[in-house]
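Several structures are given next for inspection.
What follows is a pair of complexes built around chain A, which joins chain B in one and chain C in the other.
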Partner chain A sequence: MSVDIQDLHQQWVGAECGSSSYDVNTDRLLAFANACGETDPRFIDPEDAEFQSTPGFTTIIVSGQGSEALPKDFPQFKGRSIDGGKSVEIHHPIRPGDTLTGKQTIADIYEKTGRSGKMVFVVHRTEFTNQDDQPVTTVDWRWITNLVED
Partner chain B sequence: MTILDLHSHSIKSDDGRAKVENYCQWIQKKELPLDGIVLTEHRQFDATSDYRDLEDRFGIAIMKASEVETDYGHVLVFGVNEDLVNEFDFARIDNSLATVLAAAQRCGAVAAPCHPGRVNVGLFAHYATKGPVPGVKLVEVYNGGSRPGEDEFSETEAAKYNYLGFGGSDSHIVSRIGYCATRFDDDITDITDLVAALKSERFEAVSFRS
Partner chain C sequence: MRYSDVELGDELPTENPDVSMARIIQFVELTGWKFPRFTDHEFARAEGLPGAIVPGIMSQGLLAAMIHRWAPGCRIKKLDTVFRTPMVVDSQPVCSAAVTDCDDDTNTVELDITVVTEEGATSVLGTALVQFG
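Let's look at the complex of A and B:
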């Protein structure tokens, strides 16, 4: 399968992938912070005046979806796909009691070459807002396919 | 004399995990013998970032270049300017090496293949199937990300084609900066000096890998 990145970019960047809702509570924040080995009281002490989520907290909401996070009719590439990791931009603290809404879109599609050949990167973006419609985080998740071209 | 790491990536590259400030802190803390670094972000030229404050704080020259992708593998471009950015699409992975070399020359820049001994993305892998490209003058013979044998292959082939060799770490994480570098006879403080020094051919690749 030959992949035309420019066509893909034109057709799919900006496409909506769906949305999800997530209720934040103290137990979830603590579990993630402790799993990360955090020691800062802001993240592990619910009595701390600034108690909030660790910076990477919203990545767990995005995790585990695999290619199912992409639109159903998104092209299937021939090749081996891997999770290219996530980056998080923090806009506002997340606190217990918040209800987050994550709006998911395809933010970018690009290609590069490496030792193993040609790769396609799909950047899946989730923009989280809280119950006041205030942006809290933006999570960019890169889905990489090492293309096998005919 | 000046020692520069000519090949590094910051978080401006999609696979870079190092902030420029952290590179500076690492160089200072480890007392690495570097006078400066060159940021060669993938498939782009970062025209907006301003690192002058870091240069002043750490006494390290921080220059900006690019790593572009061509039909003969990856190529570093030093001395990128507005004219050159308009000559070809830095974001593409299928630029013609001949085009990149010619455009760089026209615009007063220097284009040089990096990690030429690497499969798929190295110059010499492509030479094996497509033959040499006129206009190549220097290649990165020491690359901090090379696997065993790659740099040796690069050196052998560079000698065969009479190419000059330079070095760079290809660092994507802080602790890799300075693995390989280039020692210049001249004093170099900015990208204009660097381009002139590369054209002068008074330099050699050095490795600080233990």
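Let's look at the complex of A and C:
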């Protein structure tokens, strides 16, 4: 399969992948924090004045979607795809009662060649805002496909 | 821990996080990722994995928790992690981190963060940007 990265980049970077809404509640914040072994009262004590989400909380909203997170007409690559990692930038605390909106776009497409051949990296970005339109987090998800040549 | 206590090259106390099956089940119940590759060793091995694996974003959370214990009250501004080698559930991984940059203007430090499997393979690596009050 021949993939022209420049063409893909030109056609798809900046493309919108949709948006989603998510209601934040105390139970979910606590469950995530406890599963990750947090001990700081800001994350595990709802009575703490600064009670808020742990930094990576919004990654659970964008994860687990696989290639379904990409636009429906995005090219299907032949090869094994893996989750290459995530970056989360925290702009503002997330608290119980917040309603988050995640706007999803393709932020970058690039390729690398390793021992196992050519790999395509698609960076899927979700910019979360709260009910006051205040940016809270930006999550970048690197989706890697190890291309199989025909 | 205050910003003035931090020096370039400082290493955070290493941790052996809890990646027991009970903890993983707690995590997947929250996320709704009830994929057997996270909770069933035999199923995961049949998929070619070394055993049931710890979800990547959970390993990111383990690293964040370690940073919060090192510097209570700090704010993690950014976490960037790359998932390299599967981390097996019920194993004994090691989380570690070291200070690689300090910015006196913003009281911010950058950390290199790593999770290594009990076999010594790098499972997760990345960076964290941490701001002190």
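Assume the second predicted complex is superposed on the first by the 150 of 150 C-alpha atoms of A that agree within 3 Å, B and C clash if a C-alpha of one lies under 4 Å from a C-alpha of the other, contacts with A are read in each partner's own complex, and residues count from 1 in each chain.
Note that a residue touches a chain if its C-beta (ideal position, glycine included) is under 8 Å from a C-beta of that chain, and two chains touch if they have at least 3 such contacts.
This is a predicted model, so every value here is computed, not measured.
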After aligning the two structures on chain A, examine chain B and chain C and state clash or fit.
clash
Can A:56 be said to touch chain B (first), chain C (second), both, or neither?
second
With both structures placed on chain A, which of the two partners, chain B or chain C, ends up touching more residues of chain A?
C
In the overlay, answer first, second, both or neither for which of chain B and chain C A:28 touches.
second
Classify the contacts of A:86 with the two partner chains as first (chain B alone), second (chain C alone), both, or neither.
second
With both complexes overlaid on chain A, does A:95 touch chain B (first), chain C (second), both or neither?
neither
Which partner chains sit in contact with A:103 here, chain B, chain C, both or neither? Use first/second/both/neither.
neither
With the two complexes superposed on chain A, say which partner A:37 touches: chain B (first), chain C (second), both, or neither.
second
Once the structures are superposed on A, label A:118 by its partner contacts, choosing first (chain B), second (chain C), both or neither.
first
According to the stated criteria, A:9 is in contact with first (chain B), second (chain C), both, or neither; which is it?
neither
Based on the A-chain superposition described above, do chain B and chain C contact any of the same residues on chain A, and if so which?
142
Using the touch rule from the top, collect the residues of chain A that touch chain B in their complex.
110-118, 121, 142
Complex interface listing, chain A residues touching chain C:
28, 31-32, 34-40, 42-43, 54-56, 59-60, 63-64, 82-90, 142
Over in the complex, which chain C residues touch chain A? Could you list them?
17-18, 23, 26-27, 29-33, 55-58, 60-62, 64-65, 68-69, 72-73, 75-83, 126
Which of the residues in chain B come into contact with chain A in the complex?
14, 42-43, 69, 73-74, 91, 93, 118-121
